[in-house]
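Structures follow.
In the two complexes below, chain A is the common chain; its partner is chain B in one and chain C in the other.
Take a look at the complex of A and B:
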C-alpha cells in the first residue's frame, strides 16, 4: 500500500495567541507549530497499516509555508518513510479549497492507494480538506473513522464510523480518503535516535510556482477572513462558603439554577 | 558569535524529554516519593525512547549526544522528578569510564548491550570511609594470575540494588593513593557481589541507592579499564563529563520550584489581594528567577566548553555548585511563599527542597567543587 498522510501544522496548545495587526486573523509570528490531535491519530493509523502490510510505504504531506517542515520531520521521526512539503503562501493555506486542490495536485502522480488525514484540523477544526481532496481525485471519502484495517484482499479497507445514533461498519475499495477520529488509537512517541535521524532526512518539495501554474486561477483563495476575535476573558470563579456539605450542595444548586442558569 | 538560541533538533529533543517528563514521570512523582518506590516501568520507557545512555556514541547503538544536548534533556526530566532523573542518568555516569578508558573491543563488549536492551549500570567510587577523598579509597584489587580479586565495600551507589554492571574503582596499594587506583568493569552477577539494602533517603526517593560489597570478586584482567594507576584519572575525567548535567538536574528542580511559587502567588490572597502584589513576594520571586537563570546559563556555558573539546573542570565545577546551591535556595523560597501549605507533603514544593539537597552532595560535594574552582582559578594567577 502507498499510504499518504495529510498533515497540518497547528499552534502548540500552550501558545499565547494574539490577533494580528489587521484584526483579521491570529498573529502566528513566533508561534510554535506542532503535529497534534487528529493528525497524530492519522500518522499512527498509517504506521499500523504499514506494519500490518509489509512493503507498504507512508509519505507525510503538508501544504503551507515553511512551518510545515517541523511537522513533517516529526512525522518522519514517528516512522513515516518520506515527506513532501507542498509549498504555499499563508493566505492560500487559509482557504481549505486551495489547500485541497494543491494537495490533490501533488498527490495525484504518486499512485496513492490510501490517503489518511485527521477528520479535521487541530486548530480551526473545519474538516473540509479530506473530502475536498477526495472530490478532486475522484475517490470515495469518509470522515469520523475509527478502527481501520486493511481488507483481506489488500484492495479494500474495513472500518467503523462513530455516529450520534451508533456505530456503522464499512468496507470501501482503495483508493480512498479517510478522515480519522482522534485518539482511538494511542499515538506513539518518537524515539530519540529517530528524532536525530529525522533531522537529516530529505524532504521533497513541490514549489508553489509549480502548483500555481498547474492550478491556474484555482490557486487563488476565494475566501478571505473578515475579522478575528479572541474569546472574552473568563470571569473569576465564585467561591461558596459553607458550613456543612448539604449546605454547600444547596448553595451550589441554587447558583447553577438561578445565576448560571445551567438548568431550569 | 555567542548565540543562546537552540537548534530545531535541540528543541525536538527538549520536546521529547518534556513530554515524557510531564506525561510519564510527573503523575507518579509524588507517590514514588512517598512510598520510596523505584518505578522501573518508567525507567524502561525512558530507555525505549532513547532517554538513557545519552552519552554512548552511535557506533555502539547510543545517541552520542553532546553535553549541552544531554543538559537540555536532563533539565526537562528533573522538572518532573529529580529522583527519577538521577536513576535515568546514572547509566551515563557508570558508562562514562568505559567511554574514556576502554579499548575499542571492550567498548563493543560492554556498551552495546546497554543500547540493545534495558539494563542499569552503577558507578562504584564512594566508600563508607570516604567520598570526597576518592584517592584514599580502600577497596583492594589484588592481582592473581590473569585475574584481579576485588575486596571492599562501596556505598551510596545509585541503582546499585538493580544494576547488571558496575564500573568499580579499587586500589592495588592504598599507600600509593591516586597512583594505585585501577578501574574495572564487573558484571552484576559476578560471584562474591553482595548487595546491601536500599537506603531510606531524605529525597530522590524514586531512585535506588545501596551498598555493594565485593567479597573476593574475581575479575579477569581483560575487564580492567586502562592500566594500573590510571583509574583515578578515569574517575576524575568521568566526573568532569557528568558534573555539568547535575547542574542541569538542579536547574530543573529550581525551575519547577519557581513555577509552582509564581503560580501560587497569583492565586493566594492575603490582606485582600493576591500575594504576588506584595513586594515581599515579588522580591523573593525576582531573586528566584535570577538564580534559575544563572544556574541554567552557567550550566550551558560549561556544556559548551566541554563540547568544544576542553576538559571544562573549572566551568563544570562552577556550574554544578551554583546550580545546586540555587536549587536549594529557590526550593526554600518556594516553600516560604507557600507558607504553611509549603511545609505540607500534600503540596509539591517540600519534595523539591529534599531533592535539591542531594545535588549539593553527590557527584562531588560542593565543598570539593569550590576547592577545585579555587585551584583552577589560582593556577591562572600563579
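Take a look at the complex of A and C:
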C-alpha cells in the first residue's frame, strides 16, 4: 500500500492563547508547532497498517509555511518513510479549501492507495480538509473512523465510524481518504537515534509557485479569519453553602430552575 | 428571485429528519428571512417521510434522490445530490446539521460545488459586502473565531444544539426528483455492513442530549456509578463519563467525554467526581451551564463550573435525584 498521512502543524497544547495585534487570528509569535491530536493517531495508524502489509510505504505530507518541516521530521522520526512539504503562505493555509486543493494537487490521482488524516485538526477543528481532498481526487471519504483494518483482499478497508445513531461498520475499496477519530492510549514515541537521523532526512518540497500556477484562481482564499477572541474567564463557580445533602440539592435545583433556567 | 437556502437531510432511525436537520432548517429559515424561502434535499430509500417533514417545516420544494442502492449514502453520494439540488434550485447557501454526516459532507460538497465552507458554527450573520460571518469555538472551546466567507456560495455546518429546531409551518409538498449522474465506482462499492446502537439505549444519546450527567473516578466503584445514571434518568439526561471510568471498564468507551471521547455542548452538564483534567474539559467546556460536585474544593473542574458543591457525591447525588424527582412530579426510585 502507498499510504499518505496528512499532517497539520498546530500550536502546542499547553500554549497560552493570545490574540494577534490585528485581532483577527491567534498570535503565533513564539508559539511552538507540533504534530498533535488526531494527526498523531493518523501516523500511528499508518505505521500499524504498514507493519501488517509488508512492502507498504508511508509518506507524510504537510501544507503551509516553514513550520511544516518540523512536524514532518517528527513523523519521520516515528517511522514514516518519506515526507513532502507542500509550501504555501499562511493566508492560503487559513482556508481549508485552498489547503485541500494544494494537497490533492501534490498527491495527484493514482498516487496513493490510502490517505489518512485526523478527523479534525487540533487548532481550528474544521474537519473539512480530508473530505475535500477526497472529492478533488474522486475517491470515497469517511471521517470519525475507529478500528481500521486492511481487508483480506488487500484492496479494501474495514472500519467503524462513530455517528449519532451509533457505531457503523463499513467496507470500502481503496483508494479512499480516512479521517481518524481513534486514539491510542500509548502511541509509539520516537527513539533518540531516529530523532537524530530525522534531522538530516531529505524532505521533498513542492514550491508554492508551482501549486499556485496549477490552481489558478482556485488558490485564492474565500474564507478568511475576521476575529479571534478568548472567552471572558468564567466568573468562577457559585459555590453552594449547605448544611445537609438535601439542603444542597434543594438550593441547586432552585438555581437551575430560576437563575440558569436549564431545568427540564 | 431571491435564491432559496438549501438544507441537506440527515435521517433518523425511523426515516424522518434527524434533530440536527431540524436545527439546520431553523437556521435556513432565519437566513432566508420573511421574503425568502428554503428547500430540502433527501437521498436514499423510502424518502417520503423525510420529504413530508420538510414540507411541514415550511420547505418551498424538496429535491429527492430516491434510490434503494443509496439507503445509507456515502458523503460522496450526498455531495452529488446536494450539488444537483443547489444547481436546480439556484441556492447560494447550504446549511448542514452538526453531526458526523454533516461534518463529513461539508468539505466534499464545498469542493464539488466550489463554495467556501465552515463547520461547528454557533452564530451566523450576513455582512454588508454580501458575505457571511460565522462564529465558532476553536481550540477545544478555549477560544472563538469569526470567519468571513465570500457570499457567492457557502456551505455551513452547525454546531449541535447551538440553534433552536424549526417549528411547524406547513406548506404543500412540492417534490422534484433528481437523477444522480457521475457517481464514482468507489462510492457505489463502499458498503455499510452494520450498525451497533449505543449500549445505553435508555434515554437520549450523548450527542443529542440537552442535559448530560457525567461521572468520574470519584464515584469509587462501578456499582456507585449507578447513582449517576439514576440522576440522569430523573433529568431525562444522557450519561457521560471521564476516561478514568471507561479505562477502568466501569462503563463502555462510548460514554467517554473529552479529547479522545465525545465533544458535547448541552444546555446543562453535571460533572460528578470528575477532577477536570484538560483532556476532559475540552470535551465539555462549551456547555451552557456547568455544575460540579466534588469532595476537593481545589479540583480544577470548579474553574469552569457555574455552580459548585463541595461534598461527598455518594451523599449529594441521591439527595439531588430525590429533589429532581419531587420537583418534576416523578415517583421516587
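Heads up, the rule we're going with is that the second predicted complex is superposed on the first by the 228 of 264 C-alpha atoms of A that agree within 3 Å, B and C clash if a C-alpha of one lies under 4 Å from a C-alpha of the other, contacts with A are read in each partner's own complex, and residues count from 1 in each chain.
We adopt the following convention: a residue touches a chain if its C-beta (ideal position, glycine included) is under 8 Å from a C-beta of that chain, and two chains touch if they have at least 3 such contacts.
No experiment lies behind these values; they were computed from the predicted model shown.
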| item | value |
| --- | --- |
| Touched partner set for A:191, first chain B, second chain C, both or neither | first |
| First (chain B), second (chain C), both or neither touched by A:68 | neither |
| A:116 touches, of chain B and chain C: first, second, both or neither? | neither |
| Contacts of A:178 with chain B and chain C, given as first, second, both or neither | neither |
| Partner chain in contact with A:60 - chain B first, chain C second, else both or neither | neither |
| Partner chain in contact with A:199 - chain B first, chain C second, else both or neither | first |
| Chain B versus chain C as contact partner of A:35, first or second or both or neither | neither |
| Partner chain(s) touched by A:99 [first = chain B, second = chain C, both, neither] | neither |
| Greater chain A contact set [chain C / chain B] | C |
| List of chain C residues in touch with chain A within their complex | 12-13, 18, 20, 72, 74-76, 79, 99-101, 103-112, 114-120, 133, 137-150, 152, 184-187, 189-198, 205, 207-208, 210-211, 235-236, 247, 254, 259-260, 267-268, 278, 288-289, 291-292, 297, 302-311, 315-316, 318-320, 322-324, 327-328 |
| Sites on chain B touched by chain A in the complex | 8-9, 12-13, 16, 19-20, 48-51, 54, 58, 63 |
| Sites on chain A touched by chain C in the complex | 11, 13, 17, 25-26, 37, 95-97, 100-101, 120, 122-132, 134-136, 138-144, 158, 161-173, 175-176, 179, 183, 185, 218, 222-231, 234-240, 242, 244-246, 248-250, 252-253, 255-257, 260, 262-264 |
| Residues on chain A engaged by chain B in the complex (per definition of touch) | 70, 73-74, 77, 189-196, 198-199 |
